[in-house]
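The two complexes that follow have subunit A in common; it is paired with subunit B in the first and with subunit C in the second.
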Partner chain A sequence: MAEIRKSEGFIDWLDQRLAVKAFMRVMMTEYWIPKNINFLWAMGVVLVILFGVLLVTGLLLLMYYKPDINLAFDSVNYTIMQEVEYGWLWRHMHGVAASATFLIIYIHLFTGIYYGSYKKGREMIWITGMVLFIAFSAEAFSGYMLPWGQMSYWAAQVITNLFSGIPVIGDDVVIWIRGDYVVADATLTRFFMLHVVLLPLVIIVVIAVHFYSLRFPHVNNQDSVEFDFDAESKKFLDGDKKESKVVPFWPVFLSKDFFVVGFFMTIFFALVCYHFDFAMDPINFEPANSMKTPAHIYPEWYFLWNYEVLRGFFFDIGGMAAMDIGLIAFVIANIVFMILPFLDRNPMNTAPAHKRPIFKYWFWLLVCDMIVLTVYGKLPPTGMNAWVGFVAAVIFLGLFIALPFITKHEAKGDEQ
Partner chain B sequence: MATCQKRRDFIGMALTGVTAVGGVCALGAMKKSWDPLPSVQSAGFVTVDISTIQEGEARSFQWRGKPIFVLRKSADTPKNAKRDVVIGEKIFTLVIGLCTHLGCIPSYDAKKKSFICACHGGVFDASGINTFGPPPRPLDIPPFKISGETLVLGEEGEEYKKLIAKKA
Partner chain C sequence: MKEIKILAIVLFFTAVTYWGVEPYAHSQMHPHVAPADFSFKDMEPLHVNGNVENGKALVEANCIACHSIKSLGQEAPMSFEDAANAYGVVPPDLSHAGVIYDKNYLAGFLKDPVGATKLLHKFGDTKPYAMPSYTFLSEQEIADIVAYLGNIVSTKASNKVVFEEACGRCHSIKYDGFKAQTPTASLKGYLGAEAPDVSMMIRSKKAEYLNTFINEPLKMVEGIAMPRVGLTEASQEQVVAYMENVGDRKKAERESLGLKLIGFMAIFTLIAYLWKVKIWKEVE
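Here is the complex of A and B:
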């Protein structure tokens, strides 16, 4: 053990026992961030704040929520909304933050794609980020079910039924996941466990890994220029702050982040106080009824693109059942972003999309296609809508099939 | 020294073995904890009276938490010998009312004489055969037994076995 001397103060006392000064240097004051990045790089910190909001409001809701099919609906819609002081605030903050988290995740994700931040040494950041996306999706889905409303009940019924697509054991797996032949009390209590304990733990661990993986290849920048972080940070420490291309995470970079967070939180609380229902479905204010399906089922807005890929294939092709094609497409849609670093075959070019000759069209086509999928995911799948959904789903898959060829071609152009 | 190393290897392997066996058993126990409870599994048999169903009317009952559709076919509804349940002169379609795509409940449209699932646009004819959309197979037939004009759901009667045999 190191020699412990009489401390000069509280921080020094802690430093002798936990090395807090070294920790702060590595994590904050000497964690270097490039100067040439824009507000889109603040989305990570916005997400951290949102996750904090979800955690704290979740704890407050947890004190009154009852995970029982006979009590759940009223514990949310009566006890929390009417009786608990400020219960409405926690609920609306929790609900709006869930939606906002996905909005910011999508911005975060498309920023990464646009600036090529998934490439060349940053694969682990990208993959852990996509693991987080999947964990958040599971968290959102399990939480959506808890108020036991009509739409959340049927969403749970439909999503758990997806597992029946697994060959041979599918139907048994569905019963196993639900703990009953239909979505019932056993399903509610286990989803409750997932939502409040297991998945938040997983998310916290993966967030830690995501941050850790960011410390080595460093943050990408707007112009994708490579520079020597050691040399640049030395300049900064030597007092040449103007010449240096980097700033420390704390306090310089975070001060800019806090501005973005402040701006975002203004909008967030405007939504919470005046438009808390923008992400809430009226059908979910009817108690769940296992004997009656709502006329039209659709998920929350952030899963619509995925949902439309699932149901886009509505006719059999070459002896394959429409349902199986849809399921396969759905599974591909869920994992294809994760392997993006390996689909982009242009190793040289980490430039932002607007500087890449072909990739820029690919990127904007992807964004447009996902917007189309999202819009049509909410519309009834009949007549013309079904065909638009089909074409958009095919384009979505096609884009990812084409990506390796496009980027390979692009790479050849770069060499010339 | 050599014997000592051997002894350590043995202790290491023994420890690994015990841990592995314990781990597998624990996983098995965890899997079983997620299985449906005995009280759920035994919620098996329901008796329903179908004598009052009118021609062309579809009624739904609940069995194991699932909706069961009983449609009494009218004279102009197409028949399907492979799926019809005949009691005297009455002809019924008896199916589990969950779309075989993702498990939503379709509704019976008497005019079009078909079960229509709004969720993903699946359509089944009056015999429960899938005619349009993503559903991969006809609506399932629940196990049933006929006694007079009542049905016992959950019990595999003669008629049920015949229907299942015809399918195969």
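Here is the complex of A and C:
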């Protein structure tokens, strides 16, 4: 045990026992961030704040929510929304934050792709980020079901049914997931557990790993240039603050983040109080009814691109059932971003997209294609809509198939 | 400047996605229908002025065998349960009927109840509608009844009363502790469908939809069992207002707190910005 002397104050008392000063240095005041970054790099901190909002409001909602199919709808729409003081505020904050989280995740993800932040030593940041995306998706889906509204119920019915596409054991897997032959009380209770315990724990752990994975390769920057963090941080500590290319996380980097978070939260509360319904499907204010199918079943907006890839393949091809092709495409769409660092075969070019001759077209095509998929994922899949969905789904898969070839080609251009 | 450009790009793609997922998808899935028509053009207008006294005699002779007029202390001859067993549905109280329903609609309804309510697909010779047709009355007599019904009460009905008289025979609104007068089982036999609890309808359907729907349900949902109610524009507004009051009770609190929350965050943002400028001045 270290030698404990009489403390000079509370911080010193803590420092002798927990080394808080060293901890603050490593985590905050001497954790170095490149100077040439823009507000897109604040999205990570925005996500942390949003996750905090979800956690706190979720705990408050948990005090009154009843995970029982006979009570769930009213416990949300009456008890929480009308009887509990400010229950509406917690519920709207929770609902809007869930939607906003995905918007920010997508911006965060496209920022990473645009600036090549997944490449050259940063693969683990990227992969842990994608694991987080999947964990958040599962969290959102399990939470969406809890109010036991009409769309929650039917979305759960459709999504759980997807697992029947697994060869041989598919039908049994569906029953295992649901805990019943149809989505019922057993399903609601287990989704409740997943949403409030298991998945949040997984998310917290993966967030910690995601942060940890940033420590060695460091945060990327706007020009995607590599520099010597040790030399630059030494400059900063020696007082050459203007010369140094890095700044400490606290207070310099966070001062900018506070501003971005403040700006974002102003809009957030405007949505919560005046436009909460942008994030809530009106059909979900009808109680779940297993005897009445809604005219259109679609997931929340952030899953629409994925959903459209699934149903884009609406006709059998070469003896393969449309459903099976769709499922395979759906599975690919869910994991393809994860392997992005290995699909990009240009080892030298770590420049942002606008400085890469072919990649820039690839990037913007991907963004546009995913927006098309998102929009058509909600529209009824009939007539022209079905064909637009099909073409967009093919382009989506095609983009990822083409990526290794075009980046390889780009690498050749760089050598010359 | 560069950051403003980036922000503009981010906002642009966010806006396009939002537009596609919300207003555009909505326009595709819910094709536009003509707005609510309160002129009831399909109803032949009354050409004669009614006589209140004569109307009173006619109502006493023809209506109160089934209907109550509680404002005059006249109770219904049967309990809700018995009435539901006898007719399938509880007949409405007539206290405000002459005021909340459009006059031409009311006249048309007396002559041809099934046609006026647009329930021809549900009722006919094999399945008779509970309310008989009064075509045997003269135009003058119909006008007399309408005039009398419009003369029963002088005070304006509250939003809740309009809801109870116009909708409460079939629909519950449990978040306000109101239970439909007709028992669910009778109603299912009568209409072929359960009438949903409408506590949350203001959120699941929105005011704009409800406005057209109450005015003409068949226009919105094919083959629906819900009758055209025939409310005047003012009464229908009262029904929607009542539903909003029940389904969105915290609206006033939400809107006043919203200003404070936004104001707080705006001030926070401003202070954060000034702090950021100060801090970054040392490093840039």
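Here, the second predicted complex is superposed on the first by the 416 of 416 C-alpha atoms of A that agree within 3 Å, B and C clash if a C-alpha of one lies under 4 Å from a C-alpha of the other, contacts with A are read in each partner's own complex, and residues count from 1 in each chain.
Here, a residue touches a chain if its C-beta (ideal position, glycine included) is under 8 Å from a C-beta of that chain, and two chains touch if they have at least 3 such contacts.
Quick caveat, the model's predicted, so the values are computed rather than measured.
> With the two structures laid over each other on chain A, which partner does A:Asn77 touch: subunit B (first), subunit C (second), both, or neither?
second
> Just checking: does A:Asn38 make contact with subunit B only, subunit C only, both, or neither of them? Give me first, second, both or neither.
second
> First (subunit B), second (subunit C), both or neither: which does A:Trp301 touch?
second
> Where does A:Val20 make contact in the superposed view: on subunit B (first), on subunit C (second), on both, or on neither?
Neither subunit B nor subunit C is touched by A:Val20.
> For A:Val202 in the superposed arrangement: first (subunit B), second (subunit C), both or neither?
A:Val202 sits against neither subunit B nor subunit C.
> Where does A:Lys242 make contact in the superposed view: on subunit B (first), on subunit C (second), on both, or on neither?
The answer is second: A:Lys242 touches subunit C but not subunit B.
> A:Ala411 in the overlay: touching subunit B, subunit C, both, or neither? Say first, second, both or neither.
Once the two structures are laid over each other on A, A:Ala411 reaches no partner at all.
> First (subunit B), second (subunit C), both or neither: which does A:Leu365 touch?
Neither partner.
> Does the superposition put A:Val173 against subunit B (first), subunit C (second), both, or neither?
Touch status of A:Val173: no partner.
> With both structures fitted on chain A, tell me whether subunit B or subunit C touches more of subunit A's residues.
So, of the two partners, C touches more residues of subunit A.
> Can you pull the subunit A residues that subunit B and subunit C both touch?
Looking at subunit A, the two contact sets intersect at 295-296, 380.
> List the residues on subunit C that touch subunit A in their complex, please.
Of all residues in subunit C, those touching subunit A are 2-3, 6-7, 10, 13-14, 16-18, 20-22, 24-25, 28-29, 175, 196-197, 199-201, 203-206, 249-250, 253-255, 257-258, 261-262, 265-266, 268-270, 272-273, 275-276, 279-280, 282-284.
> Enumerate the contact residues on subunit A facing subunit B in the complex.
154, 157-158, 161-162, 164, 175-182, 184, 186, 190, 290-297, 311, 313-314, 321-324, 326, 380-382, 386
> In the complex, go through subunit A and note every residue touching subunit C.
Against subunit C, subunit A makes touches at 35, 38-40, 77-78, 81-82, 88-89, 92, 103, 107, 150, 241-242, 244, 247, 251-252, 255-256, 258-259, 261-263, 265-266, 268-270, 272-274, 277-278, 282-287, 295-296, 301, 304, 367, 371, 374-375, 378-380.
> Going by the contact rule at the top, pick out the subunit B residues touching subunit A in the complex.
Subunit B residues touching subunit A: 31, 34-37, 40, 60, 62, 64-67, 101-107, 117-121, 133-136.
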